[in-house]
Structures are given as C-alpha cells and as structure tokens.
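Okay, so subunit A shows up in both of these, paired with subunit B first and subunit C after.
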Partner chain A sequence: MILGLFDFLLALALVGLAWRILATSDLFQGVILFIVFGLLMAVAWSRLQAFDIALAEAAIGAGLTGALLLHTLAGMEQAAVPSPASNPAAPRFVAKRILTNGILGLLTLIVGATLLRCIREIKRPELGVRELVMEELSAGGVSNPVTAVLLNFRAYDTLLEMAVLLVAVVGAWSLGPLPTSDPRPTATAPGRILLGLVRLLSPIILLVACYILWAGTGQPGGAFQAGAVLSAAGVLLVVTGVLAPPTLGPLYQRALLLTGLVTFLAVSLGVMLAGRDFLEYPPASSPQLILLIESALMVSIAITLLCLFVGGPRSAPDNSRD
Partner chain B sequence: MELPIAYALAGAILIVSGLGGVLLSEHILRKIMALNILGSGVFLLLVTFAYRSPDSPPDPVPHAMVLTGIVVAVSATALALSLARHLLPPSKTPEKFPPP
Partner chain C sequence: MIVLLNEGLIHDAVATLCLVAGALFFFAGTVGLLRFPDVYSRLHALTKADNLGLGLIILGCALQADSWQIIGKLLLIWLLALVASTTSCHLVAQAAMRMRIEPWTRHE
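The block that comes next holds the complex of A and B.
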C-alpha cells in the first residue's frame, strides 16, 4: 500500500531535515544533515520504485556532493553565518530588508500555490510513453528500461550531459589554483588503520563499480552509478595520500577525461558512415555498442568527479612532482 | 491510479523551501545547499508523477531525466563551490592532501 505510515514519516523527515539545513547557523551541521538528507532521499526513491535513481542519489547526491561541501567548508575561513556588517538596528536598513524578504517570500508562496494546483490537477495517462518504451525495448539492446532510455532512445541527452560534465571541470579548473593563505607544504599523515582500510577497499570498490556497470543492462545500475562509485575510490586514495591528486597536466589524464565524450561521439557519428542516422545504432550490435559507450562513460565520469573534488591545479610550490 | 500524495506534497514543500533558501540566505554555502534541496524537490515531484502502482513498473522516461538531472546538479554544485572558494577568504590552516 503506497500511503503507508513509513512513507508519511519519510516524507516528514525529508521536509524536517530540509528546514534544519536551511535554518541552522552552524554550516558544518548543515552539511552533515545534507548528507543524511541525500541518504533519506535514496530511500524515498526506492519506495517510488526508482532504483536506478536511488543508486545514483546515494553515490552522487549524498556521497560526492557531501564530500564536495565538506571539502569546501574546510577550505573556507568562516564556519558560522556572519552577522550583517552594517548596524542592524538602523531603521532604513531594517525596512529595506523586510521589504526584500517580504517580496521574495511572497514570490515563493506563489510558486508553492501553483505547485499545489498542479499536483491536484495533473492527469497521468494510463498508457503513455511507458508503453512505447516497453514495446521498443527488445530493439533497444538492453533490458533495463532506464538504461535503454538513457543510452539509446534519448542518447542525445546523455551525450550533452557528458559535455556538461566536461564544461564543469574545465570551468572549475580554469579558475586557477585554490587560494590558501598558509604556504606550509604538508598535511597530517593519515593513520595506519586508515591507510590499511583504503588499500583493502580500493580493489573491492573497483569490482563493485564494474559490476554495477555490467548489471545496469538488465537490472538497476549503469554508467553513472558505476562512475560515481569509482570516483569515491579515487577520492579516498587522494585524501589519504596514497595517490597524488590529478593535475590534468599529463596527456593521459586529459585523455581519460575526454574518453567518454569522444567514444560517444565516435559511435554516434560512426553509424552515419554505415548509412544510418545520427545516434541510430544498428539493432544487431546495440547491446555491444551500449556497453562500449557505458564503459568509456564510467571511466570519464570517475575522473571528472575526482577532478571536481580536487577543485583545481596545485599552487606553484607544490608542483614538485608533475 | 493514486498519486503518492505524501511524496508529492514533500516535493512541493522542498521546492518552496529550496527557493526561499536560495533567495533569502546570506552565506553562499547555504545558498548552494538550498539550490540542491530545490533540485531534489523537483526530482521528487517528477518521479512521483512517474509512479504507477506497486505491481506495475513506473514510467522510465522521467527516471532517465532525473538521473541526468542529478549528474548535472552535481556538476553545477561543484562549479559553484569552486567559484565560492575563490570568492571567499581561505581558511588559516589549509587542508592539503598528504604527499603520496
């Protein structure tokens, strides 16, 4: 039964967590609550039978975004919300703030009212695109409908999505080295237990990532989830110092970054040489092509997410090993 | 075909909270978190509309869109955080990765 007590409590927990995240004055607490929020969202996705999304949310939404936020928080000076700079009791200042907040609050309420109206009046067709997808699934090459939609029926979206990832990395890294005020070259070395754990976990994570990629053809899984899990291994290795953080200077690192997009483009344009349309896979070799593209995507996504976590090239004194 | 109303309402409230957080927050990190909450609310609403019943499979097209959306959201968040790092004063004790 869909409207079970569990779902009601879960929805309540999600909303409550969101409020706490936005209302707390301690940013560190906010970030930790955000990670919990992501994990509860993963449970909500499972309840709504969106298992692919549940995997992706746990790995990317909760895991990687949480790591990004923690990393950024550690690199910034203030962990608490700063108080207003000017005299908060000055009447003109207070009036302006009340007016701004009032208008923005009103805007938000209008959005909320519109949403409630949409929820009440939405008509979801019994048949619809889902039936189309199920009919064409056998020609799609994979039996997981979400993978078929992502990599075949709407492959153009996924192609552009890879371009978006690339633009994000290029954008973040072209800002230059991250600013730090203290030029000390070393950080505390990790303890032996942590090092041992990371060395034990890394091959297991690699195995799990490859399995998720392979299983994505018939069960929930796929390239994005696998790439995110693989990037988690990369983050672990870099943070504990087992691996040097990528500098994107050597050619092979840039090649790894590009391999997903390039493979995807090669396949989508290559089929045109055989007389087909852009991105129109020949049905006989659809499964192999999809697996090939997904493997390249997994590698690229992992490197991209790792580079996004590292955040930028090392500043000059650290470039002793390049 | 009943809509899972608990999740639909939660999605709407998350969207409203996230939007309010983005517009009204002062600290940039909180704005970024509010943006992510806004995104999660939108995804929740989309997937709720795609749900059919406990026995029959859901509509896979919104699921694919949400999956794409999650990846795009993390890219945008990473870029926003990078910009924030360059805008705001850095911490006195730097975190650096230990040398390999």
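The block that comes next holds the complex of A and C.
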C-alpha cells in the first residue's frame, strides 16, 4: 500500500515536472527541472524493475543530456541568442488562443483516454517473451537477460543502433564548425579544487565504467551504461580544459569512434568464415565474444557521446583542412 | 557489531532511525533552500543535507546490507557524493563572489 502511494506520488511528480518544464519561460529553470525529471524517471524505471534502463536514463538522460543542455545554455548566453522569455510572441487574438488551446486540449484528452484504455488491457508479463528468453538464457552466453537479448538474441538491432550512433555523430559534426572557439563557458581557468576533483574522479570513473561493463554480464549494466559513464569522464576533462576537445581529425580519434561498429561487424562476419550464419556466435565462445564486442562498444559509445557533447569542430582562423 | 546484531528488532529499529534522521536532514536542507535569504546560506543548507543526510541514509542501508561488498559500495557512493557536493558548493560560491553577490546581513 505504501509502495502504491509512492508510485502514485512519483507519477504525479513526473507529470507535474513535465508541465513545469514546458510552461516555464526561464530556460535555466527548464534545464534544471529536466535533470530532476531524468532522475525521477530513473526511479520510475527502478520501480518497474528495469534496472538497466534506469542506469541508462540516469547516466544519459539526466547526466549527460543535462550537462549538454547547460553547456548549450552557457554558449547561447555567450553568443547573446535571445531567449524566449525576452521574445513574447503570444497570440494576440483571444479567439486564436482559445482555438489553439481547445484543439490541443482535445488531442490530449483523446491520447490520454486511449492510453488509459490500453493500460486496462495490459496482459500479465508472463505472457510475453520473458519465458522464452529465460529458457534460452543458458545458450545466450551471459546470465543477465537484458545483455543476452541485446548482444546475442537481438544482436542485429544493436549492430544497427551502433551504425545509427555513428551516423548521428557524422551528421551533427557535418553541420560545420561551431561559432565559439572555446568549449569552456567561462573564460577563467579552472581552480585548483576543480582540477583536484578531476584528478581524483577520472580514474574512479574509468574503474566504475569498466566495472559496469564487466558486471553487465550478470547484473544490470552493460556497454551503453558503461560508455555513458566513461563519456562523463571525457566531458569533465574537456570542460575543465585538461583534455583538448576531440576534433575527429587525427586518425586515432576516428579509429576510436569506429572501433565499436568495426568490431561488431568483424565478429558477425567472422563467424561466417567458420561456416556459421551471420551473427551466430559459436556457443562455446559466446561469453568471450560478447565481452569483446561490449568493450569495443563501450569505447565507441563514450567517444560518440563526447563528440555529441562537444558538438562540432572548433572554428580556428588558420584551419583550412576542415 | 554489525554481524552480531544482524537480526532482531534493535537492528531494524536503529536502521529505521538512521533512515528517518537522514530524511529529516534532507527535509531541513530543502526548507533551507527555499527559505534562506541568499545563495551562500542556501549552499550551507544544501551541503548539510548532502553530507549528513546522505551519510545517515547510507548508514541505514549499510545496516540492512547482506555482505561487506555492498557496504563498501555504499561507502564509496557516500564518499563520491561528498567530494562532488563539496566541489560544486565551492564552485557555486566562487561564481557568486565573482558576480559580486553580497552575503545577506541581518540589518540591511
């Protein structure tokens, strides 16, 4: 009963936060509320016993996206982009506003009613694929069913996901060099306390990322969460200026970006040389293959998220190559 | 002591007490965030919640833990949260000083 009350308050808080994020005209407040929203979503996923998704939501949704939005906000203030608060463009005519709100309210009611109807008809989870996965888990190579599904049973989807991530980075970086030349929002050099924190946290973050990767075979974890945590270390180093932001010019940076997809493809095609089908791991060595693929994926995902955070090549006055 | 008192009413009562005390600290920190007059005193309230409140909650969870590895991980979480909140408090205060925000005094 107490848990039911907690779940109800959580759902209420999520809806309330979403409304506040959309209704506020102060962008900074919206970003901070978005980070809190990500945190509550992670709690909601935990309540649904989906711990892998909760980890990913906390790392990517709340952590990395929050940092990205704050960084963008600081860059906007530097570039003096007018925020919506200073640009009131509310529809002047009352009738137009009533019509807009009326249509949106009607759509919301229809979607809400449909969702409620669907919730009533949700079948018990025992009737899904869960039993099938649990039966075949011993042949999967790992004991965490989520990792087994992602990296073995539905490995094709994960392969395509990695290709999509690569296309996302290439697409984001193809938009051209960024107007600001310094990734750090403030011009002041980081103080000694911040540098001490970075020096303390970087090896710890590396250790935690490798642990999440290793633990993903038996507990909630895996390559995506580990890559997100590792990218957090990269973001910390880039924002404090300890590490130069990646330019994706040198060969080693491009190699690191591609290593996930290339390793995945190599394994999935390599097993065909042994006479098997595409992506059909030999059962004896599937744990090792999965760990190998996941390690490469972790590195690639970390570099991808870091590149998406940095956003593009720096515009340098004497840069004639890019 | 943790091994000896692993079962029993006293053990659960102490753990619950720690959790409730931690929650009270967080509540006090939130009230401080909403009611204190300037950014410096709000930082003070928030870091109290982070250090002591989180520490008490971690202590309550550690008393209910099953193995030493879990207690070690909980301690690591607390230490990392301490380090992060201390540094953020320092950074925010430094930024506030740079923006020339004056500390609130009683007689304005």
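Details
Definition applied: the second predicted complex is superposed on the first by the 272 of 322 C-alpha atoms of A that agree within 3 Å, B and C clash if a C-alpha of one lies under 4 Å from a C-alpha of the other, contacts with A are read in each partner's own complex, and residues count from 1 in each chain.
We take it that a residue touches a chain if its C-beta (ideal position, glycine included) is under 8 Å from a C-beta of that chain, and two chains touch if they have at least 3 such contacts.
Just so you know, these numbers come straight off a predicted model, no measurement behind them.
By the document's definition of touching, neither partner reaches A:139: not subunit B, not subunit C. Contacts of A:207 after superposition: neither subunit B nor subunit C is touched.
Counting the residues of subunit A that each partner touches, subunit B and subunit C differ, and the larger count belongs to B. When the shared chain is aligned, no partner comes close enough to touch A:272: not subunit B, not subunit C.
Contacts of A:11 after superposition on the shared chain: subunit B is touched, whereas subunit C is not.
By the touch criterion defined above, A:99 reaches neither subunit B nor subunit C. By the touch criterion defined above, A:65 lies against subunit B but remains apart from subunit C after alignment on the C-alpha atoms of chain A.
Contacts of A:193 after superposition: subunit C is touched, whereas subunit B is not reached. Once chain A of one complex is fitted onto chain A of the other, the partner contacts of A:255 are absent, as it touches neither subunit B nor subunit C. Common to the subunit B and subunit C contact sets on subunit A are residues 188. Only residues 1-3, 7-8, 10-12, 14-15, 18-19, 21-22, 27, 30-31, 34, 37-38, 41, 44-45, 47-50, 52-53, 56-57, 60-61, 64-65, 68-69, 71-78, 81-82, 84, 101, 104-105, 107-109, 111-112, 115-116, 119, 122, 124, 126, 128-130, 133-134, 145-146, 148-150, 154, 157-158, 161, 164-165, 167-168, 171-172, 175-176, 178-182, 184-190, 222, 224, 238-245, 301, 305, 308-309, 311-312, 318 of subunit A touch subunit B when the two sit together in their complex. By the touch criterion given at the top, residues 188, 191, 193-194, 197, 200-201, 204 of subunit A touch subunit C in their complex.
Interface of subunit C with subunit A (complex): residues 80, 83-84, 87, 90-91, 94, 98. Interface of subunit B with subunit A (complex): residues 1-10, 12-21, 23-27, 29-30, 32-34, 36-37, 40, 43-45, 47-54, 57-61, 63-68, 70-79, 81-86, 88-100.
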